[in-house]
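Listed next: structures, encoded as structure tokens.
Shared chain: chain A. Partners: chain B in the first complex, chain C in the second.
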Partner chain A sequence: MVSSNRRWAVVSELAQASNRPIAGQSGRTDLMWLGLLALVALLMLVPLIAGGFLLYSLALCFANALAVLSVSALVRYGGEVSIGHSFFVALGAYTVAIMEHQLGLSVLVSAPIASALGGVAGFVFAFPSRRLSGIYLAVATMALALALPEILIGFEKLTGGFQGLYIALDLIPGVSKPLQRYYVTLAVLGLVCLALAQFRRSPQGMALLMARAQPRAAEAMGITISWARISIFTLSAAIASLAGALLAFSSSTVSPNSFSFWSGVFLLVGSVVSLNGLSLPAAVAGGAFITLVPTYLANAGDWVPILYGTALIAVTLAANAGHLVRFVSDRRR
Partner chain B sequence: MNGAGRIVGDLMPLMWSGIVSGCLYGVGALGLVMVFKSSRVVNFSHGNLACLGAFVVYGLSSGTLMSLSWASAVGLALGVAAAVAALSYAVIAPIVFKSDLASTIATLGIGLILQGAVQLLFGADIVNLDLPVPRFGFSLAGIRISSYDLAVLAITLIVVGGLFAIIERTKLGVAFRAVSTNPFACEVCGLNLRSVHLFSWLAGAILGLVAALLIVPTTFLSSTTVPSFMLQAFTAAVVGGFSSLPGAAVGGILVGIATNLFSFYVSPEFMNTFLLAVILLTLNFFPNGLLEQTMGGRV
Partner chain C sequence: MPDEPHRGQWLVADKVSLAFGGLQVLSDISMGLQPGVVTGLIGPNGAGKTSLFNCLSGLYHVKRGEISFAGHALQALGPAQRAALGIARSFQNLALCPELSVLENVLVGLTLKRRSGWFSAFVPTAAQRAEQADAERRAMSALSELGIASAAHQMPSELPPGTLRLAEIARAIVSEPKAILLDEPAAGLNAVETQHLMHALERLMRPDLVLLIVEHDMDLIMQLCQQIYVLNFGKMIASGTPDVIRKHPDVISIYLGDDADD
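Coming up: the complex of A and B.
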């Protein structure tokens, strides 16, 4: 126990040290805080002017933003790519739907259970590839995404098969449905963003970042790499399932249509487009991109994957732009 | 017939058809492993490119776009697949040495674009695309062997034999082996890594298209079947260790037999779930692939 306490002490000293330079540039930080507060205030006031359909779309945006956030957290802290997070989202969504249908419980009870189940599923899934490079995990998540539709359709008695299930119970009785969908999803998204910001400063968060950036140094300090990989995947899957619970609540329905193979890839697209950011604006931007583009480009159905693919490549290349410049100048030489 | 006799009677044909489809999973997996060994990128656009190629063959030979003979349609489709593969590599070339992860994500983007292109050009139709081989069949020791089976085995042998001959005998093959062992040393020696990468991407695209053209006659061709067929190829590559060419071939046959037995005795509806379980169990118990245990070291 003593050694593990010491280890946390050292890591949290590191955390303190890394916080110091950030505190130094306080002018910029204040401006960022002001911007963030303005965004939150704006989002809080939207229901005063917006109509039903926009509110509904925005609630879906927030739920998807949380799912995008779970993928970004995995990329940021674990350096892993997942294209199968739709599995955990679906797990959360169906947990909410099934608990309402079988037990009559509302999302207030079922969302935490969904999140916990997602964490367990994430642990079980990440465990086998704990010692391998991220590429094996990416391949395994592809299988996960492809297995999802047939599981949903196969267990027809529970999941309602092709038709899916409806969710009718309210969370807060007496408040109109669009309003509570909007505010509940926004509140949960905001809370998770705050929690992730706190996690970034915590010794545990620092330990995970260190395990990613400097695996050997981290091992030397007593952080087990395989354990770090499993724990970030577990955390990420728990967030994804919470997002699924919100998605079920805000769309009032779950069906296999919304969880095809590509929906997992789209979550990754959202994450890449938001530059894997863990802040509220980044998450909302990523969630809005994958929610609103298919809604407003419904006529151009087949162009959507092309647009997503182009965005994915463009942002990936631009994010590595420093290298791009060198690549071009190498050519000229 | 008693119980044991019936099981054996079922088992042999199942094993045989498993081996036949396993050859194709192996060919698909070889394409993935070629790309991974040289450029350390998992090519998620593999299935989508093969799908596009198969649709080009369909479009050119069925009269949707043109009505050419099957052979010339395949020739053109191979050209298209090679061109798209070269283009895909050109897209990720700037970042391929910097980040495996970013390059892998970029291949997903390429896959999305190809998927959209197939849907735009050919719609969401389900079509048939047969192999133009004379139909005959005979029984051997209780196993029905069709002309399709023989064609698959022959083409697999030719393609895989050709590939291994290139890798073993030619200068390009030596360069490929060198790059997959130690890229840094190769660069120091003045080897052009880009040309080796390009070779492996082209070879991967051709292998993928060949596998797709041979697997499509057993089912049908649509914008989703070929990409999901590639899950078998991915599983085969994982079973073989993902960086071993013989491993991919053997892994393909093992996966072919296993999926056939599973769909006959358990359930054909949960095939992808079964493959997921195979991947997870392999990663847990044989992280470097099954072959490393038996053959000692990777090739």
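Coming up: the complex of A and C.
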């Protein structure tokens, strides 16, 4: 029974990061499977009809979606909120830029290194903060986001100061820039979603969920709470830095402007909009919201914050309306 | 008391005292739990049962006295380290993770025995699949042992408290611990569910298992336990077989309440 549903597991978790088990719901899984296939097919085919600017924007969406995913993973598995994840995103982005400028390495080599560095930075931050939670941890992460621009400007020789750095190297030589930006970011995002779906069923993933929901019970089963907190923060920071690497690659530039305090807040906004979902559609929705809405509102001038706020409220309400409907129908059942 | 503590695989509390601020919760409690014997711990509300239980499982640190298990001193160890020594416990208020199915909740009980590393947490490998299948088999057999295998794939929110309680016990036994501590397993269960629980616990008993049950339900304790300890106001007022306890004047006065101050 378990094994026959095994192959649906990946698909359905990718389609909907459901908190329900897989078995015994094959009707729903079929539908999710089809929906996901349609979404992936659609995303694969977009470059056939879309122009350069749309492809560029969508590649940024996917990179931001991955950054949103890193915040959502922290919320779902750690029960914690970070408003400073832009620090780890910037770390990944600058790693890619600096490695290209100093060593001439392309993103193929530098992205894994960026992710690993992000993990190390996450660990270094999480270890002393392992007993902080809730608002205290959020404020501590805020310190990261606030310190970031100063650090970037301070190490001007390496980071290019205010002007930042350009990323010119291709990942796949011979393929047009917009196309490789689009497909590479989409592929990495998809792979991370699959990896997270696998993680949900792993002993480590389940241990983290238990540690979040029932810390005392988790400890009684040999799960150390500080281990759990450090692990999920490290993992989340590694994903954020990978997102930063993609962001640098897809925007071809890094500068302190793109990593202000507010970019950390927007990542959290994206995570809320995606309902902290860890699936591909949820991540894309969150990434699209924080990427496209500001872009399309850009010529509204002073009205931008108001329109953005209104859009945020509308999206959150609409998304939660879905939740409410499901809640009501669950109650009736 | 004929028990000779500090020998063999016993869970021993020796003159344990615990105070919260000025409130003395436990004073000089000594008890020795033998393997193969179902031991009960009873007492009225506020007697210190759960406090003693938490001292044994590591949630509270005792200030005075010693607790040891199979020769290991436990005072300095936290709950996770005690779990690694083979001590499992259940919780009075259900402590299942609502995001995990019953089977997955039980699987978490195997965390210390799992060997798959962080790489296979993200990338499926053949070895990881085999390990996962083996863990699921063990979890299913723990659920079957308690008679709730059919609930394996349901979420905790879809199940009645009796089943959840059994699921929690399944989670405690799945790692094949040397000692199981159950905190009021019958709390919130109806008569049928309590009967079911009792049979499950009887089936569970092994000659090498230390089993301690903290419980309000006197019938359950009297039927199930071979050795009973009675706490009142943080003091051990009686211990012995069910027959001894039933006739003990202090126990009778507590439970029948012929004593004016309640």
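Everything below uses one rule, namely that the second predicted complex is superposed on the first by the 279 of 333 C-alpha atoms of A that agree within 3 Å, B and C clash if a C-alpha of one lies under 4 Å from a C-alpha of the other, contacts with A are read in each partner's own complex, and residues count from 1 in each chain.
Methods note: a residue touches a chain if its C-beta (ideal position, glycine included) is under 8 Å from a C-beta of that chain, and two chains touch if they have at least 3 such contacts.
All of these numbers come straight from a predicted model, not from anything done at the bench.
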Dominant toucher of chain A (residue count), chain B or chain C: B
Contacts of A:Leu312 with chain B and chain C, given as first, second, both or neither: first
Touching partner for A:Lys157 - first (chain B), second (chain C), both, neither: neither
Touching partner for A:Ala220 - first (chain B), second (chain C), both, neither: second
Partner chain(s) touched by A:Ile135 [first = chain B, second = chain C, both, neither]: first
Chain B versus chain C as contact partner of A:Asp302, first or second or both or neither: first
Which superposed partner A:Ala207 touches (first chain B, second chain C, both, neither): second
Touched partner set for A:Gln198, first chain B, second chain C, both or neither: second
Contact footprint of chain B on chain A as seen in their complex: 75, 79, 81, 83, 125, 127-129, 131-132, 134-136, 138-140, 142-144, 146-147, 150-151, 153-154, 261-262, 265, 268-269, 272, 301-313, 316-317, 319-320, 323-324, 327-328
Touching residues (chain side chain B, partner chain A) in the complex: 36, 42, 44, 91, 93-95, 98-102, 104-106, 108-117, 119-120, 224, 227-228, 231, 234-235, 237-238, 242, 267, 269-273, 275-276, 279-281, 283-284, 287
Touching residues (chain side chain A, partner chain C) in the complex: 1-3, 19-21, 23-24, 195-196, 198-199, 201-207, 209-210, 212-214, 216-224
Footprint of chain A on chain C - complex, ascending: 57-59, 78-81, 83-84, 88-89, 91, 95-101, 103-105, 107-112, 114, 116, 118, 120-124, 128, 132-133, 135-136, 153-155, 171, 175
